[in-house]
Amino acid sequence: MKLPGVQQTKWTGVAIFVGIVLIFPFVITQSFLLSQATFTGIYVIVALGLGLLMGYAGQISLGQAAFYGVGAYATAVLTTSYGLSPWLGLLFSILIPALLAYVMGYTMARLSGYYLAMATLAFGIIIHGVLVEWRGVTLGASGLYGIPQIQLFGMSLSQGLPYYYFVWTFAIVAIVICLNIVHSHVGRALRSIHDSEIAASAMGVNTGKYKTQIFVLSAILAGVAGWLFAHMSYSISPGSFTLDASIMFLTMVVLGGSSSVWGAVFGTVLITVIRIIVHELGETVPFITSDFEHVVYGLILILVIVFTPRGLFPPIAGWFTRIMKQRFRKNIEQTKAS
Amino acid sequence: MLQVKNVTKTFGGVVANKEVNFSVGKGEIVGLIGPNGAGKSTMFNMISAIFPPTKGEIIFRDLNIEKKSTNEMAPLGISRTFQNLQIFKRMTVVENVMIGRHIRTKTGMLKAALKLPSAKDEERKAYESALECIHFVGLEKVLDQQAGNLALGDLRLLELARALAVNPELLLLDEIAAGLNQKESKDMSKLIQKIREQGITVFVVEHDMDLVMSICDKVIVLDQGEKIAEGTPQEIQGNQQVITAYLGAEEMEEVKQGGGA
Amino acid sequence: MGEFLQFSVTGLTIGSIYAIVALGFVTIYSVTKVINLAQGEFVMLGGMIMFTFLNIGINYWISFLLTLILVMIIGWLVEWTIIRRAKGADPISLIILTIGIAIFIRGVASVVWGKGQVRIPAFSSNQSINIGPASITPQSMWVVFIMLLVVIFLYILIDKTIVGKAFQACSANPPAARLMGISPARMSSFSFTLSAGLGALAGLAVAPILFPAYDMGVMLGIKGFSAAILGGLGSAPGAVAGGLIIGFLESYGAGYISSGLKDAIAFTAILLILLIRPSGILGEKNVGKGGL
Amino acid sequence: MKNEQVILETRDLSVSYGAIQALRHVSMHVEKGEIVALLGANGAGKTTLLQTLSGLITPDDGTIIYRGVEMIGQEAEEVAAKHLIHVPEHRQVFPTLSVLDNLTLGAYHHYRKTGAKAVETEMEKVFSFFPILKERKEQLAGTLSGGQQQMLAIARGVMAKPSLLLLDEPTLGLAPIIAQEVLGLVADLRNEFETTVLLVEQNVVSSLRIADRGYVISHGEIVKSGSASELRNDKEIKEAYLGQSV
Amino acid sequence: MKKGLLVFLLMLAAVVLGACGGDSGTSEETGNEGDSPESAEAEKDAEEYVLGAIYSKTGPNSPLGEPEWNTTEMLVEQINEEGGINGVPLRVVLADDESSQEKAVQEINRLINDENVLAVLGSSGTTESLAMKGVAMQNEVPMISAAAAAQVVEPVEDSKWIFKTPQSDRLAVERIYMYLNDENISKVGLLTDSNAFGTTGLEQLENLSGEYNIEITAKESYNTQDPDMSTQLTNINSSGAEALIVWGTNPGPAIIASNLDSLGFDMPFIGSHGIANQKFIELAGEGAEGVVIPTGKALFPDQIPEGDTQYDVLNTYYEDYVATFDSEPTNFGSYGYDNLMLAVEALKNGATDRASIRDYLENEISNWVGTTGVFNLSSEDHNGLEADSLVVATVKDGEWVLMEDN
């Protein structure tokens, strides 16, 4: 069904992406890069939700890592202390963050801009505090360990190839879901809120409802990512769910651009690439350490906001499309000429 | 169809509307005019529930709407355009109009996420009726363009198409002709009349007097927040109070000069 | 009773630290509507630069002055090279931009000074003073004193000088201010310079208490930001109130409920206050804006 | 000779906001000591013209010459420092500052050069002219009545020692009697301080009473110009405001 | 690795392609730039032993990780200069986990699968070590951690492949309680950092108190970045504590020491081995005087009695380290030393594959003299140290000194 003039999912694009994800481990055999790619998949899921929240609902969250952490801890606690199956754990990794987000979204509906940023920041700090202090359940700062692996078709999913595919299956489903939402009337309504909230509501769009829904969705995605993270790791600790992590997710989204689903994916992959580059350089150039990585992150955020506030993805995609079109045209001309 | 009863609106201490009364009958084109700062936009915003009046009632088809929220207006059958162009700039023309169909779409986020057949079906229907509205205003040539790239005249038409997509019974047009040239403004008059022929009641706030005087059945004049006149265009143009409101008080000046001499 | 007094003294000390940092936020926000999340980094720079000067053997008070000046120059540079180029961006972008600046400054600091904490001598003696059953160190009193000094200084600057009035004018209505010949761009520079100075002053005051390190700005920045928001953005008295409230909440929370949950308690209280008053305790009202 | 008298001149000034062409080839001039009225219906482009003159808007095309100097490209704050003072629409006093502070800010650029003393004489002049402001000098500007705020806005402009004062709808939203009073003050202002005034007004009759000359602007173009008396009796003006007779 | 990067960049391009693919419809472009992957033949030189080491060289744990890292580098150089292990050169692949679990997991995957190491050393912190534990167990690679917390190697049946060299915080706590018993102090107040180090310390302090008849009168905590702990100290003081036990790393304990000083409470300050460094004294200044801690002997090898079995090992190591890096190795350096030397010991004795290294460590290490202590590893104990590997130290005139009562 083609509807000219309506933003629709380009399924060929999705197919190409899936293809690349599929063949990646055959091209790349290093375990290090494979584990990087696996983590990238997990982060992509969080970034997708945050991207929708920022780009489509026009809201900010400085506490996204809290949902990620709640998702991870929900399943970790239930599977280690209560012997629940990880698959049942997934249910709770979705439900608990969703519930938290619903309450948050509902009560914070009155806040915007800096006040909202503050509120989400506070939320992140509170959750982190609870994870650290609720030692009876979370085992505190030193972390919860002994998290079981996920069983699929009678097989234990361990780190490496199986988990890579497992994570990316979830990531691609998440991408498709986000694309569907964005390219539905819901996504259109959200985009309209971004351009003119007043006109959107005059057309009958219930802006508050959609903002809360997106907030919940972003929390669910973060929760699922947390679930994936927990069952990949033998152990999790509150240290993975701090403000730093929230800011990392934010960086990914801003870098790629929040105005499209692919922007978040792009940003996440790009951050991974930067990490690998810094890592590589660090092995040859002595003064480059992870501290240097932070300098680079900071610089990237500054440069992106100053020069391409909509993120790197839209200009790069635009440039790519142009080049392709030109090539295409040339090809036609050549065939005509011959 | 629409009744405004004793409506007063104050911002802080400033009175924007004071005890305004009027009504709009079904199928009419009614104009609301007045000099700058007379309180027209305030009145308009109250009718479209952007904010509530301080006092008084607004009744649409026997329903008090003064306390409703903005997004409840479209389902009731009231839609509007905006003077300072509230176009969704980063969306295409047809997408803009499809937002007008929003209230007729029932697909929730979950269905949309999974792209169920019913969602697809609804999407196609919304598209088709959006196309109808686009044809009606004559924007079919630019339907897949980014709205942000359109010329002013087309933007006004787009706002109109979007408002029509709601299938309104009452259409509120806020300075739909502002910034248009003579010809565009004439075309707009014709279009508004065509809309009325479809049985839609039209209520306009306008500065373009040529437009108001040529299409309106009834004109209401506000000055300093109060209603000073109501009547046919001819009556209004002849009304001394209206002329004074617009051009200044001749007699007052004489009084003052007399006093000074 | 003795405990209560001691908790209060501690709360006052901590609160005053937060209040000075919050005043830095407010100074910039009230002129430019930018929340500078790198404010904590100015505080850190104050401490670390002071350490460097002392380390190369410069006299204490000369180092103090040089530090202030250097940090102010850095603040000015931040505005001139970065913030100015992002004018008109929405709050979300500005938040991210200043987070970027903070990460950048912190990263550079960790490369320059390493990760370790440093010790900086107190302004005056270390002999603590007893107030009834409670006791307070002279440096804590200095912190409170500097906080008061900053409040008075800001009050005089904003309310009694033409520059302060120009500040307010830019804040209320930048285009109208330009029509008076006031340059909002220059005021923005000035506010960043000033607030970097305030940050540095905070850093200098707290350095003898908490052993500065490259990452001290994170915590102080967050608490200062919270205080500024809690007080209502753009209000200097609000910032002081916000800072003190958080300080007391933390101290009483730690004292009477649980020291482990004191941050969670303080932030929960902040959330609740924000839910009741979405624009803070002394939040800005939309003065003079009639219609839409 | 005539050139020396011309304090401000525009040629072919065109301005657009995105798709909207707000001004089309506007050419006009103001002579020293004149009050020139700029008339036209709402949305005709009067405010845009003033904002362009004061440097708030950069035109697409055309020139602005003020006291012999090309002004395009100068920032609003630089323009203000050259004593070309714009008193904006809706008064725009600083509501949270006192009357006195508002006035002091009006003199911002010479206050910074010459200090508080020099401003005092200016302040006295203004107070003698607007006694009501002296009475209320400690009051917050936001708490003044509309008419008083308008006077404050004008007085604030006067504090800047204007060579040319651009007044944007000073009577907007004022009761008729107050509006008359404000316009009367504008006339007195010219007489007393020899300030040249470019006045944007929708109240045609009143403004033409105090103006020497006028321009009528419609859809961003100057459609008519002439002396005040010529314009007063012009039928087209009425049509420009109230529409062609049906 | 370089090729890997390229492909990652390609993945990036893929995202772009993915999004624009529908427009351009020319997808075959992707294949263009990605030449076939280099068949990563990092030819395994059989004549080389490869170990992996992950330490937190940067991030919050860097005070721990850095001496560990340095020690490892120094020792490898020394070993190879002396002709390697039985003539075979030793190579240790060092990796920095930046004090993060995620990085630790990525690095251990790299070391095990890409670098094919025989054993993994590290990491410095508990949470990182726990995260690595999962991977090491899965891949059946011996791992020797430098983390304090006992749960890294406990329960032993779930920790078949995991060993660790630092005295478990359990031992440190026992050492403190022994000291308190000697001093006839029975009521203590606890003030612990809310981070992993402080939390695990707190657990042991609580668990062991009964055994040593210690009554805990107050439990308070603080965050590493907190500016003032007077409130917690006031509560502890009024709880009737006779001594204060502080479990944390710099700067917290230094702030507590000066708070304690200014509050004028005369409770003795008992710290953890986490502040067994000169930095603490430097920060706390006057307030450090009289602070008592349990510590490994690496803090002051010259104060160890000459008759001590560790005397030679410790002093040689200490002097070499100071000569090479111009700083103190601290106790953490000694963990780095023992981690590596235990693995080397196994290799030396012919255990040259993963399984045999593990078996050797578990079965053959007894009375092995390291810098941290004398190790007796067994299938019941993967740490193998006794409380006597710790001594009690106090600050006198700005120096750590061994307490005689030992």
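Residue numbering begins at 1 within each chain, and the chains themselves are lettered A, B, C, D and E in the order written.
Here, a residue touches a chain if its C-beta (ideal position, glycine included) is under 8 Å from a C-beta of that chain, and two chains touch if they have at least 3 such contacts.
This one's a predicted model, so the numbers in the text were calculated from it and none came from an experiment.
Give me the fewest steps it takes to get from subunit D to subunit E if each step has to go to a chain it touches.
So the least number of steps between the two chains is 2.
How many hops, at fewest, get you from subunit B to subunit D via touching chains?
Counted as steps through touching chains, the separation is 1.
By mean C-alpha coordinates, which chain is most distant from subunit C?
Comparing chain centres, B lies farthest from subunit C.
What pair of chains is linked by the largest number of C-beta pairs in contact?
Counting C-beta pairs in contact for each chain pair, the top pair is A-E.
Among the chains, which one keeps its Cα centre farthest from the Cα centre of subunit E?
D
Could you give the separation in Å between the centres of subunit A and subunit E, each centre being the mean of its C-alpha atoms?
For subunit A versus subunit E, the centre distance works out to 33 Å.
Using CA atom averages as chain centres, what separation in Å is found between subunit C and subunit E?
One centre to the other, that is 36 Å.
For subunit B and subunit E, let me know how many angstrom lie between their CA-based centres, rounded off.
71
Show the residues in subunit C shared as contacts by 2 or more other chains, in ascending order.
Within subunit C, the residues that touch at least two other chains are 218, 260, 263.
For subunit D, which residues are shared contacts with two or more other chains?
Residue numbers touching two or more other chains: none in subunit D.
Quick one: which residues in subunit E touch 2 or more of the other chains?
Counting only residues that touch two or more other chains, subunit E contributes 58, 194.
List the residues on subunit E that touch subunit A in their complex, please.
1-2, 4-5, 7-12, 14-27, 29-30, 34, 37, 40, 57-59, 96, 98-102, 105-107, 109-110, 112-114, 126-127, 130-131, 133-135, 137-138, 149, 151, 158, 194-196, 198-200
If we count contacts the way the header does, which residues on subunit D are in touch with subunit B in the complex?
19-22, 41-43, 146, 169, 172-173, 175-177, 180, 184, 202-207, 209, 219, 237-238, 241-246
Name, in rising order, each residue of subunit A that touches subunit E in their complex.
10-17, 20, 24, 27-37, 39, 132-133, 135, 140-143, 145-147, 158-160, 232-237, 239-240, 260, 262, 265-266, 269-270, 272-273, 276-277, 280, 282, 289-291, 313, 316-317, 320-321, 324-325, 327-328
Which part of subunit A faces subunit C closely enough to touch in the complex?
54, 58, 60, 62, 107-108, 110-111, 113-115, 117-119, 121-123, 125-126, 129-130, 132-133, 243, 247, 250-251, 254, 287, 291-302, 305-306, 309
Along subunit D, where are the residues that touch subunit C in the complex?
That would be residues 54-56, 75-78, 80-81, 85-88, 92-97, 101, 104-106, 108-109, 111-112, 142, 156, 160 of subunit D.
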